[in-house]
Amino acid sequence: MKAKKIINDPRNVVTELLEGLVWAYHGRVRKLEGVNALVKTELPPGKVGLLIGGGSGHEPLFHGFIGENMADGAACGNIFAAPTPDVILAATRALDQGKGVLYLYGNYAGDNMNFDIAAEMAAEEGIATRTVRIWDDVASAPPERVDERRGIAGDLFVIKVAGAAAATLDSLDEVYRVTAKARDRVRSMGVAVSAGSLPETGEPTFTLGPDEIEIGMGLHGEAGVSREKLLPADALVDKMMQRILADLPFRRGDEVCLLINDLGATTMMELLIVNRRVRQILEREGIAVHDTIIGSFCTSQEMAGFSISLMQLDEELKRYYDMPARSFGYTRA
Amino acid sequence: MKAKKIINDPRNVVTELLEGLVWAYHGRVRKLEGVNALVKTELPPGKVGLLIGGGSGHEPLFHGFIGENMADGAACGNIFAAPTPDVILAATRALDQGKGVLYLYGNYAGDNMNFDIAAEMAAEEGIATRTVRIWDDVASAPPERVDERRGIAGDLFVIKVAGAAAATLDSLDEVYRVTAKARDRVRSMGVAVSAGSLPETGEPTFTLGPDEIEIGMGLHGEAGVSREKLLPADALVDKMMQRILADLPFRRGDEVCLLINDLGATTMMELLIVNRRVRQILEREGIAVHDTIIGSFCTSQEMAGFSISLMQLDEELKRYYDMPARSFGYTRA
Amino acid sequence: MAKTHLTIVETVQMLLHVCHGMQASKDLLSEADRAIGDGDHGVGMARGFEVAQQRLESQPATTLEELFKTVGMALLTSVGGAAGAVFGTLFRGGARGLAGREHFDAAALASWLNDGLKAVQERGKAQVGDKTMVDALQPAAARAQELVSLPLEEALPQVAEAARQGVERTKDMVATVGKAKTLGERALGHPDPGALSTYLILQYMAEYVAGRSDTATPP
Amino acid sequence: MAKTHLTIVETVQMLLHVCHGMQASKDLLSEADRAIGDGDHGVGMARGFEVAQQRLESQPATTLEELFKTVGMALLTSVGGAAGAVFGTLFRGGARGLAGREHFDAAALASWLNDGLKAVQERGKAQVGDKTMVDALQPAAARAQELVSLPLEEALPQVAEAARQGVERTKDMVATVGKAKTLGERALGHPDPGALSTYLILQYMAEYVAGRSDTATPP
């Protein structure tokens, strides 16, 4: 059965959603002429630029995270497709104020190649860039090949810290250092309960049986670690937390931020029941939770499922995390 | 097909979700012993209490809206069932500081009767209460019977204003006056695309054909104004906005706040495409938008669909609306 | 010979039979609510009568008034929604006139139903024809009033039958109160779930009094 | 007698034929990506070749190098995702050795494919066996190198056939690059979508050169 979506011409979804998003930013963000890139209307002068981006269809990620102490701009691809180099380059030019631009995005072949092409083009124009790829999904490769892992909802933590760092620090290398540190301390794992669909085809991106779930499945339906029968929430969370905690590893005495992210169609009721179990486990393990974020931040159209992300804090990360931030999709007072 | 949900024993969903929510409040909110009511841990001394509440299953409404310049507490019912009088009374006692408590909730037979019973019990104990019932859903009764209308996502606007008013004003009557004014200036209308299900039965609360939508359907599947074939987003929004604008009516020169609320499983992509059209219409009508909220605030489990709400501002409402607020489910910086 | 009345202890047994029956009717009632409401009526009533059962089993039986109040408080504090307020009020409000009575007979039945009806209507403002439980409760109360001098065993089936006919009539009604309100024409053909509960409560009472308390299964 | 080469104008026609063919292959390619990726490959390629077609139709043909660069830039800036970078690079990177050539013949074909392969591997680091388009491109490039002295009309079908066999081999591979990476064993039995695109591009070229340009329909 084709998905029912409230859209106009499916080929125009990205153009139209960006228009709607610019309206929602109330003048604080504008779209660049001719390309699908959004940038802050007023850039604090002389700051290091923070450019995020990736395929659309994961709203509010990425383009919903532009704002005060958040990203300066976002390069937007089509649904589930990395943005093209010309879009990234146009955004890079708009953000560069002589201090260079940090590229921050999820680690996917398409994003890597397109951002790298753009970085080469930017270098030819004399614009310095550095790149941090987010690879928080523990289900997608073993720890020794961490750089092959996918970026999922942990993106939000890294963008939060990077946004604060880029608003504070004066050199691209320093912003890079803090951002990479945040990236290195985030671990996530997801579970898919049912598929989202591509607006242009109306087809789900994968299929699961009526009582099946897939633990570790990626944002686009990439395979996870196991396909299983539906489990009670507590048993499922136990499995996920075991992998997440062992991976970094997180240790007794650690302080973390916690994100429970809805992939699109999971109820807040379920997320809260998940949170209950996560906190029971962290309490038992002696890991303190500094802050909790629960909701839809990194979605995959109407996919049902969720992910759990933890970021291990140190004094520096905590300082940046605690700075207030305001964007369309995430605000910290 | 039974819905797939990440829960434990379906009979415990409310208890467990409240536990998870209390964890997520990080000490700012506590649960009362023995009843499903949440209240602020630290109440500013001597303030008029603001108690909201209703059936669970609509998270983050209501219990997610407790916090600074938001509600002081929430009485929580079972899934889609109004809270019982004992729960409401316990919360009332916890919130009263001699200045009385304002009850603020959606206008449903069950909520009305249970809150009224609690109000009578509170009166017997010498606690003053007043009541504002929210009835923003223009699809649920004609304008001359506005007090028969249902409360839907416009709840958020009224709670936002009431929270700020209750934090500022010193008398129950004054808080009542501002809250009732906010209530009187909010209009909403929803559309359902597919049903949510009750955790305890796993059954959807209504059925729609594979290409059908229902305009004006309520949060629990209550009938709306028409069942139609799936429309393009713009055509659908045109229909909804026509009813909303004509109802108050909103006029050229008005300033409004805008909320586009996801009922559970609608993508942010769709909500943004809807926002684009709403803003085109408001621009054409000469109605200015002061602020926009887009996301999941008043849900109906995994129902797909959304609602549009407008609140007409005056200087007083704008002042209260603009005060910063912080809660689990809604934050304004 | 037909049973004229129940003792206090037998009344507890009758109410327990109602509790069992209503819990067994969960799916039937949820199904009815799914058609014209939000589908939770059976879930709520089953939860409420489970709590009522626990209270009846754990608290020593004292007076008729207290028994009905116990059931009423259990429903009021555990069903939630419209039904919790309405059925809680039916049992609590209907208990007043039971004060001082020693037996549950046809007169007590009539007193309970009529006082209960009055309390429910004060609380919820529903009139006959609004497609609520009042459409089953009102004819049952009226019939009970006519039958005050019959033995309880003869009165109860007739009172339950009056309620059943009330349920039937709700099928032809458009709801004007509660969550089915805006369904309009679409509510036609479906009975009101609360009316159905009202009938079932009386039916389970009749079953017990007729000595068929092993058959607490929904019709 | 077999056609030895294409003029610039004919090369434009051939590329337009490829554009039509790739747009017509949208569902086939999305279907393949749905099995092991995120299902968008056909959507992206169709969009890219539509833009390429518009540019080819609106810009006067000049040199072979520019023609291939035009297609490459169109793909690079409109497909997005992995495929945009990879196929954009194939056409852009492969255009270098075409500078100065007057005709599109078997030598030009070999030059394009081999330079393109090199550029793609520099960009994406994929090796033969990783289950990507490289598994179709590498054998096609190698075969083209062996056939440089044949007439284009004879070389192209063999080069396309080498690519097709590469696609077949991807069915037996576990992906180690791109979105199918973690599918592991589950990717077995499914061809790589990008490899399929590589074969189709060559197949549509062969079709045009063989004079069957009315048949731009996916196999």
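Letters A, B, C and D mark the chains in the order given here, with residues in each chain numbered from 1 onward.
The rule is simple: a contact is a pair of C-beta atoms (placed from the backbone, for glycine too) under 8 Å apart; a residue touches a chain by one contact, two chains touch by 3 or more.
The model shown is predicted, which means the values in this text are computed figures rather than measured ones.
> Would you identify the chain whose Cα-based centre sits farthest away from the centre of chain A?
Most remote chain from chain A, centroid-wise, comes out as C.
> How far is the middle of chain A from the middle of chain D, if each middle is the mean of its Cα atoms, in Å?
Distance between chain centres, rounded to whole Å: 32 Å.
> What is the distance in Å between the mean C-alpha positions of chain C and chain D?
75
> For chain A versus chain C, what separation do you get between their C-alpha means, in angstrom?
Those two chain centres are 54 Å apart.
> What are the residues of chain C that contact at least two other chains?
If we look for residues of chain C contacting two or more partner chains, we find none.
> Which residues does chain B have that touch at least 2 chains other than itself?
Residues 79 of chain B touch two or more partner chains.
> Between the chains shown, work out who touches whom and classify the graph as line, ring, star, complete or other.
It is a line, because the chains touch in a row without closing up.
> Considering only the defined contacts, which chain B positions touch chain C in the complex?
For chain B paired with chain C, touching residues are 55, 77-87, 108-110, 113-114, 116-117, 139-141, 148, 150, 198, 200-201, 203, 205-206, 216, 218, 220-224.
> Quick check: in the complex, which residue numbers of chain D touch chain A?
Residues in contact with chain A: 27, 30, 34, 37-40, 43-44, 47, 76-86, 89, 123-124, 177-184, 186.
> Provide the residue numbers of chain B that touch chain A in the complex, in ascending order.
So the residues of chain B in touch with chain A come to 1-2, 4-9, 13, 16-21, 23-24, 26, 56-57, 59-60, 64, 79, 191, 193-194, 196, 199, 210-211, 213, 230, 232-234, 236, 264-277, 279, 289, 291-292, 294-296, 299, 301-302, 304, 306, 324, 326, 328-329, 331-333.
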